[in-house]
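Take a look at this one; I'll ask things after.
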Amino acid sequence: MHVLEMRDVSRKYSFKRYFWQRKKVIEAVKGVTLSIEQGTCLGLVGESGCGKTTLGKIAAGIEKPDQGEILLMGSSMLSSPRSQRLLMRKELQMVFQDCTGSVNPRHTAGKVIGEPIRNFLKLNKDEEEGMVEKLLETVGLNKEDRHKYPGQFSGGQLQRVCIARALAVKPMLIVLDEPLSSLDVSVQAQILNLLADLKKEYGLSYLFISHDIEAVYYLSDALAVMYLGNVVEYIADISMFEALCHPYAEKLLSSVLPADPGKIKNMEVKNDENEKPGTGPGGCSYARRCARASARCLDTAPGLKEVSEKHYVACHHY
Amino acid sequence: MIKEKVMDVEGLCVSLLHRQREISVVRDVSFCLEEGKVLGLIGESGCGKSITCLSLLGLLEKDRWKVEGSVRLKGKELPYLNREKIRRLRGSSVAMVMQNPISSFNPLLTVGQHFTETIRTHKEVTRREAGQIAVEMLLKLNLSEPEKVMGQYPFQLSGGMLQRVMIAIALFMCPHVLIADEPTTSLDVTVQYQILKELAELRDHYRTAMLLVSHDLGVIAQMADEVAVMYGGYVVEQAPSREIFCNPMHPYTRGLMKSRPAFTKDRLNVLEGYPPSLMKRSRGCPFYERCRCARKDCLEFDMKETGATGGHSVRCLLYAGEEEVKMDACS
Amino acid sequence: MIGLGFDKFLSRFVKHKAAVLCLFFVLAVIAGGIFAPWLAPNDPNKIELKLKLLGPGGQFPLGTDHLGRCILSRLLYGTRISLGSAFLVMSFSLTIGTAVGIFSAYRGGRIDNLLMRLCDIFLSFPSLVLVLVIIGVLGSGMVNVIIGMILVQWLWYVRIIRSLVLSIKERTFVSAAKVAGTSDMKIIFRHILPNVLPQLIVLSTLDLGSLILHFSGYSFLGFGVQPPTPEWGAMIEEGRRFIRSAPELMFYPGMLITLIVISFNLIGDALRDVLDESVT
């Protein structure tokens, strides 16, 4: 069963600074179809500006797509009546990249974690307090920490508070938008372990957005690679990691530096950063940087097609 | 090949003067940078690595920071007390590349203006000659269309391109020492890869000594010849790169290496706890609270180097006195 | 409400010695106004031409004016109108400005655009001119001046509050609150308002001084308070004719206005320091 299904989802942003200027349209997400199996984690990797955060916000229900359909447990999110939508919101929670910015600096940890509880569950004060205490302990903090203000926590602790808030109403899916990038290396590992434990314990599903491919590998069961608003490669099983074959995915993988001097890469010249001019609007979005781009790549965009079982690539070469 | 010591740092101590208190931020740090070699400095936030970099450049304000110890550049003590002299050294002999490229540029000046201004403060050249030098430097960093880039404003360039411009500005005077403080942290992995590649090429070309600060073990493993691990203001372990990755000794170094998910699904062996905050510096080993093999006497430990064999030095009581340690107990 | 307890707030505020002094001064003046009927030695409006332009002493601690009225009593009663009207203008314009500013910033889009252009049009006139136009339509008098000042003042607050709200609206914790299912109303009252409140407190304290000055200015020009009602600005105006023979008629109210304005500014500055610190 799919927890969340996104069908052909698009989101455009238009900018107009002055009224005489023409509207500038940026397509952050272009017709993405992805689904997340219940109890699994879908990893989403890509460079900054590729639309992965926008897609995460759409999945969490903060942004509305311009086009497409979102199904939560098989029922449509966008066309459901208001009362039902509110119930659906409870099932989708999110953990943000910048943990300091994502909590109100004037609220205590207890108030931060209690916010979704107050909104979605009708509990009395004692029940709520007990729940907050239990949540704090679940994420590895102390009960007494609920009286502290965000400024009194370290980054890692604050991210735990944010995870507790997302966990509070027992959602089906948590969108994790770069939850590690603002943390120290040793703390990143703690949070990764915590996320893995919570997933197992509560049968949670994650949409894990990150640029850290090693962390994604650790936590995910499926993987999607995004490039300029498109999903260019998708594997339904992370064990097929070695089979990733889209030129961009390959480049991404080859850029990962192993923490082992025995495996030092001799940095051969791969000067493909320089963009080649002359792609039509219809071409493959990666063609300008792709070493293997052919004439066909420049005029028609490849669709996502199944190259082998559970493995989809959007590239003319496969 | 004869190794030449370019920069020699000995017993560097930096403390922050805060409300009549001295908070020691960098404690007894010693290392030397050799020509054409890279010293990697690993550490987490608040461990003092950025302050170390700034103090090497004499960029810390005198009335807020107290800097002790000796820093010799090519055998000569750095003239910290003479503002004019240290200003001349910066940029010409010692250059720095900072973490966040976008905030290191004045948004109102074009890249070209930044470039020519820096060149003209150090070299007596005309505007036009300065422009030519700039274009040459940018070409060396594989930036296509350098003339176009010179006319653009910082916000028009991507992070990777800006970082390249910054490196070009840092390197045009062929400095003896390049200090790179997390040069690729804010960049995408593919861009990081290219920037590192270019840094490596430039190091080989100019034989610059480099201090590369990073929290990313991959970056350090790739680039560094020697690695120093900082924790709580101390360099807790220092060794040649291969040695430290294959045979880490300090419990913190070991924990750090194990906590990286290197394409496994096995449960990560994490370091519990959080890096200590600057304000809470106490006696003894700063790693005490998170250490799995901490002993009572660790709190009394004066953080002297305890073992130094084959260029591998470590500050940990485990390696003091009796040679054989139960390593397995700690891992 | 603003992220620091009252005792902590007090202990920080006390460190600003000048501001504490100013606060006591302002409180004393306010108390003087409130308890004027008991404190005033004489009837402020009782004209006794025989006793005109007396020096300080005896029955009249600060002397008498050109109509033989007690200056101290008039100052005390004048506080009620000068400070009272300033507080009135402030509270009304701040409330309207905050409500409209938050609404405009939070809704965004066309309504926001329309409101802001409207503000631009009004703010392109000097506020003095605008108030004079309003007085011209409504006729002069204290109430009309207050109405005019409110009508002009709230436009400033809309602008400032809108920009404050816009910067907070983009912070991630507002998105986080949406994910947590918080309604828009609650987001405004729980997340946005408490975060703009410190700036508003500072702003309004600083502005109180200038409002007092403005109100007295209108009275001085003869639009506001009509004689014989005691009011500081009006008192300066009345004393103007005797500037050579009896400069103290202008000196006392003028000094009081100056001190009050300075006090509000110093208190505002101190509040800014104290409240800014609370977030970091």
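Chains here go by letter, A, B and C, matching the order in which they are written, and residues are numbered from 1 within each.
What we mean here is this: a contact is a pair of C-beta atoms (placed from the backbone, for glycine too) under 8 Å apart; a residue touches a chain by one contact, two chains touch by 3 or more.
As the structure is a prediction and not an experimental result, all values here were calculated from the model.
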item	value
Chain contact graph, described as a line, ring, star, complete graph or other shape	line
Among all chain pairs, the one with the most C-beta contacts	A-B
Most remote chain, CA-based centroid, reference being subunit A	C
Separation of mean Cα positions, subunit C and subunit A [Å, integer]	50
Euclidean distance of C-alpha centroids - subunit B vs subunit C, Å	54
Separation of mean Cα positions, subunit B and subunit A [Å, integer]	31
In the complex, subunit A residues that touch subunit C	57, 60-62, 86, 89-90, 92-94, 96-98, 101-107, 115-116, 119-120, 149, 151, 162, 165-166, 169
Subunit A contact footprint on subunit B (complex, rising order)	44-45, 142, 144, 159-160, 188-194, 196-197, 200, 215-222, 241-242, 245-246, 255-257, 259-265, 267-272, 274-275, 277
In the complex, subunit A residues that touch subunit B	47-48, 154-157, 184-190, 192-193, 196, 211, 213-215, 217-218, 238, 241, 251-252, 254-262, 264-265, 267, 269-271, 273-274
Residue ranges of subunit C in contact with subunit A within the complex	1-3, 171-173, 175-183, 186, 190-191, 194-195, 279-280
